[in-house]
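Both of the next two complexes hold subunit A, though its partner changes from subunit B to subunit C.
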Partner chain A sequence: MRTTEQTLEEVLKLAATHFKVAREQLTPGDDFFQKLGIDSMQALELLTRLENHFGIELPDYEMQGVSDFRTLAERIQSRL
Partner chain B sequence: MLDLRQYASLGGALRDALERWPNETCLIEADRERENCRLTYRQFREAALPLARALQEMGFAQGSRVAIIMTNQSKWLISAYAVFYGGGVLVPLDYKLTPREHLQLLAHSEARFLMVEYHLWRALTQTVGFQHLRVEEVLVTEAPPGADLTGAHSTSSGQARRWEECRASREPDFVPRDRTDPAAIVYSSGTGGQPKGCVLTHENYLEQCMALTSLYPFWPGVRYLSILPTNHAIDFMVGFIGPFTCGAAVVHLRTLRPEYVRDAFSRYKITYMSLVPMVLKNLERGLRARFAELPWHRRFILNRLIALNRRLTRKRPRLALSRLLLRGVHQAFGGELRALFVGGAFTEPATLQFFYDLGIPVSNGYGLTEAGTAVTLDDFNPFRPDTVGKPLPGMEVRIIAPDADGIGEVAVRSKTVMSHYLDQPELTAETIVDGWLQTGDLGRLDPTGHLQLFGRKKNMIVTAGGKNIYPEDIETVFEGLAVKEFCVFAANYLWPQRGRVREQLVLVLRLEAGKKFTDALRADLVARNRRLLDFKRVGGYVIWERDFPRTASLKIKRNLLAEEIRDRLDRADAVVPL
Partner chain C sequence: MKSFKGNTLSWELVDGAVELALHRQPNNEIGSATLEELERFVEALQAAEGQAHAVILHSTLKSGFCAGADLRELYRRMQELPQAERMAGLRDFLQRIHTVMNALDASPLTTIAAVHGVTFGGGFELALACDLIIADKMARFCFPELRLGLIPAFGGIPRLKRDLGNALVRDLLLTGRSINATRAHAVGLVSQVTAEGQALKVARATAAQIKKFDRQTSAAAKKFIKPIPYEELKQEIEIFCDLFTRPAVEAGLRKFVESTDAMPYLP
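Up next is the complex of A and B:
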């Protein structure tokens, strides 16, 4: 079983790969809309990638009101 | 389609539609690769009438207000029909709002009943202020087995009911309504101090439906892909009333991931879809990426075919020809797509042209909740990506006090214009003057009758996702900021532009005497800004060196402050990005 911190690290790595930025540029508290310059549709694309990686289903509403990596990782962790 | 002139209410029209096409499919609901349900008009009726009866047995009566907070799904439409059948008034709320905003609008609308998805209900129950919620019955959809449904304090039982179990066997009473009776209260935006609930009548909807379907008809076999929230005036019309009164079908997706939306086109042979500019742009981006991955010789051929299609469709769309020339592209969209509708915000002409050149006409339109839905729409006669099209049948559009360039405020008069704003007679009187709806948008009618938009007169922005945002609503999150005073403006209101680009909110700060702008203040601004939904965030701040002008009752004189800022500061220099 992963810890939340491990999940968070994997989320950050996947986001960095998906949006083609260096992992070091991202921190857990980052607002990913601002940091990555993405819109909500692009954020949903990331959700699919995370689903495939963690082998879970994340309803779209899990992203509602979420804009930082830590909260996103916590939502994923609760479904693992 | 049904002859809607003969009907007095949406309930009456929908009732006849369900009887007229019993064996046609009306609804498909899919979630990823799974299909959750597929209903014919007869099955839809069989699902809705027991709910209508159950509501009546709970005390629902003519004029009862029923709020719906759900994502796009079959239960949304089934619930809405049950409400109209019983002569009720629908209060469709945007599921994307925060729970706090939901509570505000539920209170403002005085809804007696609430139908809500389980996860949204849970969020409501965990929100400060929930204990003040006053609804008589709560019907929760898709609650998991064993879910705790207690907490509906104001209901008779103290707990919410399972929507799926609210079915009564007796035939419900059909309650007729007049054309001028309210059908729905639709919140256009504004959830802070002044919620703006547009009261739309049955006539508003029936007339809008006739206008839209005269230009873009539906018929049995047509499939409309519904991805805009159904509470939104556009989807409510073209994703429910329009197709249902024509025997067509609506396809709902429980996830809006771009890959599943793309997949739905071919899986369900979609005919029409409405979308906001942001989603259209995303589709364009996806297509361009796929084109770029083609081997150079195939890309070369594709570009030649696109150029040929462009030449051959210059005067009008030629669907069959485009499907032949650009077969691969059209197959990716299912092969049955006739048009996309885009509106709600500014769409780049280049994006519209991109799709038109592929033989996929995107009809750009202009509308607002207060006007029922659409006011203008591109009829492709000819294609005009630089405009938002011509007024729909039955819509009168004029420009108030045009300047030397013919630009002035757009006003609309038609049977689709709302009755009034709920509980706001003064705002209604300011907005509808002598029967003309003052839109607050600046525009010009060109000699061919096409409308061009040039921005907004109001202190408001519209996001690429089609959301109206009133800066006054954003200010609550900055209350208590360590400054003397502050005010939020739409940057384009402070510095008007002849365009609909670079829309952003700015926070104007008047610091305490002798104080500097510190890192701590900046950190506080950033933290507060993050509490807002991403599309509502402030993009930058302006330091203002003078006291704000105020009224005798100490309200900020926004117009005057905006004028002062406009006169003294330059946007490029003054706005510091957050």
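Up next is the complex of A and C:
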């Protein structure tokens, strides 16, 4: 079973790879919409990638109001 | 069958399969221009049925297969028309798109939707009119219409119910959530999941397999197993038109039109 910190690190790595930025540029508290300059459609792409990676379903309405990596990782952790 | 290159879509006959490519920026939204070219497509398809075994629908856009109806055009047109003429215009559009979807649904050829990325609303409904859905693992399916105070109106509810049953329709419709290709495959909506960027290639391989079978036998099998829910499709238009008259819908559409986000009704 992953810890939340491990999940968070995987989320950060996946986001960095998907949006082609260096992992070191991203921190857990970052607002990913602002930091990555993405819109809701790109956020859905990230959601799909995360679902495929973790083998979970994360309804997009649960993402409502979530904009930082740490909270995103916590939502994922609750489904693992 | 003669090839066609339009503003919103193109088609050509390749190895016995008619390939319809959607390419209207930004997300293949279905408005009047796409509808007109889809009407041309189904007409050409009916005339060329003896030349092909299969039809493949796909998108050449990176964003995905299709984000659904062109709500910006819908809102603009509704604002331009006098109140008394709005419903007639809306109803005419819906009946025309239903004619296209029904023709595709009833085509004696085996139809395949090769989808990736956003397959939402009317785009999902277009895929549902096909016999098989082959999905890239990054594809997502959604009926977001309730977020705008509406229901899907391109035939999606009756077709999804026909194919998979009422419970999944309720789940997708009443929550407005999107599901990924893996989940869609698990519930039987998607027939095959592919690696990223491989849906069209797998659809072509599937079409090559379909070509091995006798055309008439495939058509008879399809007609036997895939009834078109005409009565429910008509009801869907009526319910949509009833809902559309409410002020909340106009407000929701205005908010959508004024937003600069690519998908303002999400999450």
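Just so we're on the same page, the second predicted complex is superposed on the first by the 80 of 80 C-alpha atoms of A that agree within 3 Å, B and C clash if a C-alpha of one lies under 4 Å from a C-alpha of the other, contacts with A are read in each partner's own complex, and residues count from 1 in each chain.
Simple rule for what comes next: a contact is a pair of C-beta atoms (placed from the backbone, for glycine too) under 8 Å apart; a residue touches a chain by one contact, two chains touch by 3 or more.
Because the structure is predicted, anything quoted here is derived from the model rather than measured.
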item	value
First (subunit B), second (subunit C), both or neither touched by A:R49	second
First, second, both or neither for A:D60, with subunit B first and subunit C second	both
Contacts of A:D31 with subunit B and subunit C, given as first, second, both or neither	first
Touching partner for A:D39 - first (subunit B), second (subunit C), both, neither	both
Contact residues common to both interfaces of subunit A (with subunit B and with subunit C)	39-42, 44-45, 48, 57, 59-61, 64
Subunit B contact footprint on subunit A (complex, rising order)	31, 33, 39-42, 44-45, 47-48, 57, 59-61, 64-65, 67-68
Interfacial residue positions of subunit C with respect to subunit A in the complex	27, 63, 117-118, 137-140, 142, 175-180, 182-183, 261-264, 266-267
Parts of subunit A lying in touch with subunit C, wherever the complex brings them together	39-45, 48-49, 51-52, 57, 59-61, 63-64
Contact footprint of subunit A on subunit B as seen in their complex	32, 71, 95-96, 98, 119-120, 254-259, 278-279, 282, 464-465, 530, 533-535
